[in-house]
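Order of writing sets the labels: A, B, C, D, E and F. Residues in every chain begin at 1.
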Amino acid sequence: MQIENHIRSQILIDALPYIQKYHDKIVVIKYGGNAMTNSELKEAVMRDIVLLSEVGIKVVLVHGGGPEISAMLKRVGVESRFINGLRYTDEQTMDIVKMVLSGKVNKELVAALQLNGGKALGLCGCDGQMIVAQKLESEVDLGYVGEIKKITTKPILDALTNGYVPIIATVGTSETGQSYNINADTAAARIASCLRAEKLILMTDIKGLLKNKDDENTLIPAVNVSEVAYLKSMGIISGGMIPKIDCCVEAIRRGVKRTSIIDGRVPHSILIELLTNEGIGTQFT
Amino acid sequence: MQIENHIRSQILIDALPYIQKYHDKIVVIKYGGNAMTNSELKEAVMRDIVLLSEVGIKVVLVHGGGPEISAMLKRVGVESRFINGLRYTDEQTMDIVKMVLSGKVNKELVAALQLNGGKALGLCGCDGQMIVAQKLESEVDLGYVGEIKKITTKPILDALTNGYVPIIATVGTSETGQSYNINADTAAARIASCLRAEKLILMTDIKGLLKNKDDENTLIPAVNVSEVAYLKSMGIISGGMIPKIDCCVEAIRRGVKRTSIIDGRVPHSILIELLTNEGIGTQFT
Amino acid sequence: MQIENHIRSQILIDALPYIQKYHDKIVVIKYGGNAMTNSELKEAVMRDIVLLSEVGIKVVLVHGGGPEISAMLKRVGVESRFINGLRYTDEQTMDIVKMVLSGKVNKELVAALQLNGGKALGLCGCDGQMIVAQKLESEVDLGYVGEIKKITTKPILDALTNGYVPIIATVGTSETGQSYNINADTAAARIASCLRAEKLILMTDIKGLLKNKDDENTLIPAVNVSEVAYLKSMGIISGGMIPKIDCCVEAIRRGVKRTSIIDGRVPHSILIELLTNEGIGTQFT
Amino acid sequence: MQIENHIRSQILIDALPYIQKYHDKIVVIKYGGNAMTNSELKEAVMRDIVLLSEVGIKVVLVHGGGPEISAMLKRVGVESRFINGLRYTDEQTMDIVKMVLSGKVNKELVAALQLNGGKALGLCGCDGQMIVAQKLESEVDLGYVGEIKKITTKPILDALTNGYVPIIATVGTSETGQSYNINADTAAARIASCLRAEKLILMTDIKGLLKNKDDENTLIPAVNVSEVAYLKSMGIISGGMIPKIDCCVEAIRRGVKRTSIIDGRVPHSILIELLTNEGIGTQFT
Amino acid sequence: MQIENHIRSQILIDALPYIQKYHDKIVVIKYGGNAMTNSELKEAVMRDIVLLSEVGIKVVLVHGGGPEISAMLKRVGVESRFINGLRYTDEQTMDIVKMVLSGKVNKELVAALQLNGGKALGLCGCDGQMIVAQKLESEVDLGYVGEIKKITTKPILDALTNGYVPIIATVGTSETGQSYNINADTAAARIASCLRAEKLILMTDIKGLLKNKDDENTLIPAVNVSEVAYLKSMGIISGGMIPKIDCCVEAIRRGVKRTSIIDGRVPHSILIELLTNEGIGTQFT
Amino acid sequence: MQIENHIRSQILIDALPYIQKYHDKIVVIKYGGNAMTNSELKEAVMRDIVLLSEVGIKVVLVHGGGPEISAMLKRVGVESRFINGLRYTDEQTMDIVKMVLSGKVNKELVAALQLNGGKALGLCGCDGQMIVAQKLESEVDLGYVGEIKKITTKPILDALTNGYVPIIATVGTSETGQSYNINADTAAARIASCLRAEKLILMTDIKGLLKNKDDENTLIPAVNVSEVAYLKSMGIISGGMIPKIDCCVEAIRRGVKRTSIIDGRVPHSILIELLTNEGIGTQFT
């Protein structure tokens, strides 16, 4: 890009207060949606993370992998079944989920970050008993869909201390060794709170919370968690936004300083959110 | 087992010199064959490793996963093709190999070790650029079958330092991010030499090197690497034994103190090899 | 001993949960009686301690030395006098006690442990002011029989940190430099509680606490300290057992997790107690 | 500045390889000229240094202070006398030089850096015997003009380790305690080489080395030290440039990787030099 | 000095309990008066400090520099004006104060200590934001006379940890970067209390607190801070003694163990105070 | 002692360069003779050592105990027999030697040093296998008189690191556990060289090396080891001095910087030797 040097330097200087703010702090990023499927966006995310690491911010990347799971299930002839937006997970499905998430998606992310100059370590919930899970109790049986019982932060902190970006596949393991499929948003929120993260970022395919969900110009840039109930009652928080925002609220309640829902469709949305004045998306505090 | 206490204590005492010998030393175990497919043998291996860790031996577990790979390939309708005993690995196959090894086999081993009271961390060749690979040059094109260019020991040593048994899936990654299928025996030998391991153990489904390969009573318990050429010329080392023994020789040449080919069909063969006087199988020095 | 390897390995595996339980924990052993005078038993004790150290248990050995003291006193023509089971200790006797305990018995134990492959450091109460003592107040004057005023754990912890088994002769020193003869059971109990030991083991020449003291088949394997008063009132705890069990009770009250009275006449009784399911003797909790 | 976020993020990303290159490396900056007298430029320099520190670059700031010294000398009625471009330094002058450099200029820089969010520690050559000096031998007596005999890097490294930007006033002290006036360019070059700095930057009031010194469009962006003799013979390096470029050459010879002469009149010239592709000024390698 | 060796050794031995008492403890010395202007006394002070450092006492030296400031002000033609014993400090004066204190006096002390074999680091209030100051509120405007808002002990502790004697010029800096002239006695007292010093020593030109201020034989060797109010009411503490003794009282109240006012006119008064039985001057506890 | 403070302080200051010289350095003192039997001298030695420790010198005390051994042997009716000045050591004698040295003399020294405010740890040759010994080969059989095969410095260095003065009884132990009687001068010299000591001091009951052995005014204050052969040939070094001086020469040859033979009959001779200009006795370099 042909930009004059005085603009370049000014922009770097403008980022300084934000770099100082997050220096040596933990930022947990839930990675997903278009930012993960579109290769250009993916490349931009990898660069963002390498830059953040390089300037002293401790990034933890948490990912799901819905589309790749569905593709693999289809390939082996297992039908994907969703109940209330959650994938029904029988034993066969669980096997595929685990393989795809921790053997394919996770490892591809590790390789991609390293191609961009970063250092990464892929972790799955079973490594060092990081995500101890149990069956999610619900009215309808969901099979091996799990909920988090306990997070062991040691493997994550070890990776950070040793200079790696931990990249986490959200497969949990029960105390008897059974694998469970864990929602990645929930896992990211829980990991962020156990790490006392400075910030949790959920990447989505929407602009953020909109006053009028059909008008992207009505973005609500900041929400206090105390306002969430009201926004739900008004129908402003609705549908698929509810569980995501519940994650944000829960994370804040358990000690994360700030959480943001950002638009993963915008290249470098993570950098914009963390290192510019305006940020992007909706921030909860 | 109903054994008198004085026998119990004597046996523990008998193990003492061997515990002292390997205390704080690195032992690399290549895990495979029946010991991996038979669930009782697998359980025994896990217990052996936990015991060895507990008495201060630094175990590194390296594994392949041929049968599970073949099963998965079959399930997605990809034909397994072998050329000179090596799996021809096209792009589709590589994808499945990676998923199965690092997403299924590796994670199951991590969970199994932890179920038995150990602490484990699953690593794949891409994590922390542990196994840097390149295409294996050979007369016949083998696709994405790779050879090791460089081992980065840092992620393995970090795991040991942090108190974990590193469990390694032998998928390598090239400097441009391409995955390669790496022979697990070769990888174990190379990792052992880069770690300056005290011992490398290759688990197999044979008794060891036999003078007469049809008579299990003709086991050769110890071989000096200088005798290998002669044993090959005599046909005593032949067939599938050749690459395994070449691994042993290569490891010794590059600085591993001892390597053994042991019979994985015998329960607790690792313990017997490491903590008893007679050992088991054939040891190369 | 000709034992099949599968039994050997099974027995090692059986010990695993106990090794895990005491790993990195402090175990204080009061060594005395037949286990100290019989050379075969002594050899077995030394091996037990080396094994325990090697598997990561922090052993502290506390010893007395009655028979050797008596022999030396006799040799220099000083009459041994006992009042209520305690040796009357005049200045001459104190001199001999100190010399024999810290110059002979202690140093022989250090050498014996090292002959068996261990690393040991002999400590006497004066070293680093480890056992600060004062005259034991009693109705009958006992001369330089002392009681413990304060334990300085630093020299013991330094020795453990530097990789040695501290072997402790229980001669105390007052703040004015006077030596005092300290009962080894009491010293072991007090040291164990100051070190917050996981376990205190008192080696004796009896099977443990017996319901019927004439019938070794009536061993009481476990006692809660709250039951001790009752057992005393019933005469089950009586005679020479009273001070030993008082030591156990006192140790538990001051923070030691478990204490056992074990039969030192059984070879490897320490290993059996610590690393087998049944244990040996009577355990107080 | 109103700049679109995608440009902001792109520019940050563009800086990434340069941040990686200098991460944890030492960069010595000789600060002087307009960049020091013009308050806006000074502010920009301070921000640049804070940003560089924040992204993990270890900056060492070395400064002179000619104009302030001249002003103070004038105020106390001491005439400034220059011989071959070097200030003749009698005892009175030396006193003023020391006071102004280490008591005024140095402390103002420390305060300025901290006002911009940095952490700074002011050091003078006598602190921790950092700059050991002796009288500069020359044909004409220059009084207390000194040359460096030895650099003690400990106080500089201590400051960096403790998280400060060391700001260095170039007053040297002889072994008998006599202060000497040291040329700041020379001191910066020597300090850089003793610290094995990755880069030395000399800020000047010219664009860099020009082929035609009257035409700023003839900047020579890169020079290999082997070419310097030729450039001098051609008159391209001449006049006041000679000692500066000699400093650069000397620094490279003694182990500094790169040195640059940059235009301090351009705001953020340090950032542009370090974190952009083109850089600014003339780089010697 | 021709002194017999047995006397030499006895005197060293006599100092032992005092060396033990202050070993590894922090002693803050406010240096001033004749001890600073007389070169022989100054030499003795430097030696005392080097000796104290060498025997393991952590000395922090705090100094003012009134006479040198006045001389410089006179030289640049600025009139010294005192209001209630405090120097009225306009901008010009502040500039001179800062230069003289941190650029001349401080650096000369650093050099002098090093000439005597010590290691010193000169610090000014702005270094590492050590002395954060604000305008002293008083009835009459005093210009840039400041009071301490906060002490950052990190740069002082860093210097001690790195083996230096920190020598502190008491110029403070406000949060907006403005310099303030801080009374050195007050600064020493505040620094001592923030460092939880074992002792604060104020060097003066009087013998100590005298019952009859005209008779040096009426020295009061020890005062409890609770007696100060009474001594003031009796006029025994009066005039210039009042602020000094208020510093002592304040320091004791804020956690310093002991403070002494000693006679800087006596050579080696610091050694005598710290390492002899009688001490010198008046001690407050 | 009534000494004026200015003399006291001057003497302390006079000691400063010597304190600096030995700061953090190891000084090995062989303690014996009158300095050990006379209680006032002993007290002075203890104080000297505490003072030296306190000012940062790492003292290692090595002792014999001839008179106490002889007394004890007499008491138990074993005749002392000397061959060429070396005690013939049968098994009974060895037992007594060990007991007296490590159980009586050593422990009394530990207690004495601590009574004077020091921290001490008693070590015998068997502790941590510090002195590995073997039978001294000689024409006449000397029984269990041993020579040093190897010094393990770890227990000594551990003690110094943990803040103790190691006090060493020179009983050696062979690899098979046999105790040997080791000459204390030789042991001190060997320990000093293995520790790369700055100085070895041998305390004796003579003034030093005398030109005329009947005239104490003919002390030779300094000898270069190259002159020793000549001094022997002249008969100046003769009789009991020969082995002592051979120890000094050997120590210097093996890396000790300086060794001195000092007069232990002079109170505080150690302090005088180490901390005054003239020293005392004869120094070998």
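Rule of thumb we're sticking to: contacts are C-beta pairs under 8 Å (C-beta built on N, C-alpha and C of every residue); 3 or more make two chains touch, one makes a residue touch a chain.
No experiment lies behind these values; they were computed from the predicted model shown.
J.: Moving only to chains each one touches, count the minimum steps from chain D until you reach chain E.
T.: Counted as steps through touching chains, the separation is 1.
J.: Determine the set of chains touching chain B that also touch chain F.
T.: Output, common partners of chain B and chain F: C.
J.: By mean C-alpha position, what chain is farthest away from chain F?
T.: Centroid comparison gives A as the farthest chain from chain F.
J.: Indicate whether more than half of the residue numbers at the chain A-chain D interface occur in both copies; give same if so and different if not.
T.: Since more than half of the residue numbers are used by both chains, the interface counts as same.
J.: Please work out the Cα centroid separation of chain C and chain F, and write it as a whole number of Å.
T.: Going by mean C-alpha positions, chain C sits 36 Å from chain F.
J.: Centre to centre, by mean C-alpha position, how many angstrom separate chain B and chain E?
T.: 69
J.: Express in whole angstrom the distance between the two chain centres, defined as the mean CA positions of chain B and chain C.
T.: Distance between chain centres: 45 Å.
J.: Can you check how far apart chain D and chain F are, centre to centre, with Cα atoms defining each centre and the answer in Å?
T.: 57
J.: Among all residues of chain C, which ones touch two or more of the remaining chains?
T.: In chain C, nothing touches at least two other chains.
J.: Starting from chain A and stepping next to chain B, in what order do the chains sit around the ring?
T.: Cyclic order starting at chain A, direction chain B: A, B, C, F, E, D.
J.: Inside the complex, what are the residues of chain A that reach chain D?
T.: These residues of chain A touch chain D: 1, 3, 5-17, 19-20, 23, 44, 47-48, 50-51, 54-56, 117, 266-268, 271-272, 275-276, 278, 280.
J.: Spell out the part of chain C that touches chain F in their complex, as residue ranges.
T.: Counting only chain C, the residues touching chain F are 72, 75-76, 95, 98-104, 106-107, 110-112, 114-115, 119-124, 126-129, 154-155, 158, 162, 164, 171, 173, 176-177, 179.
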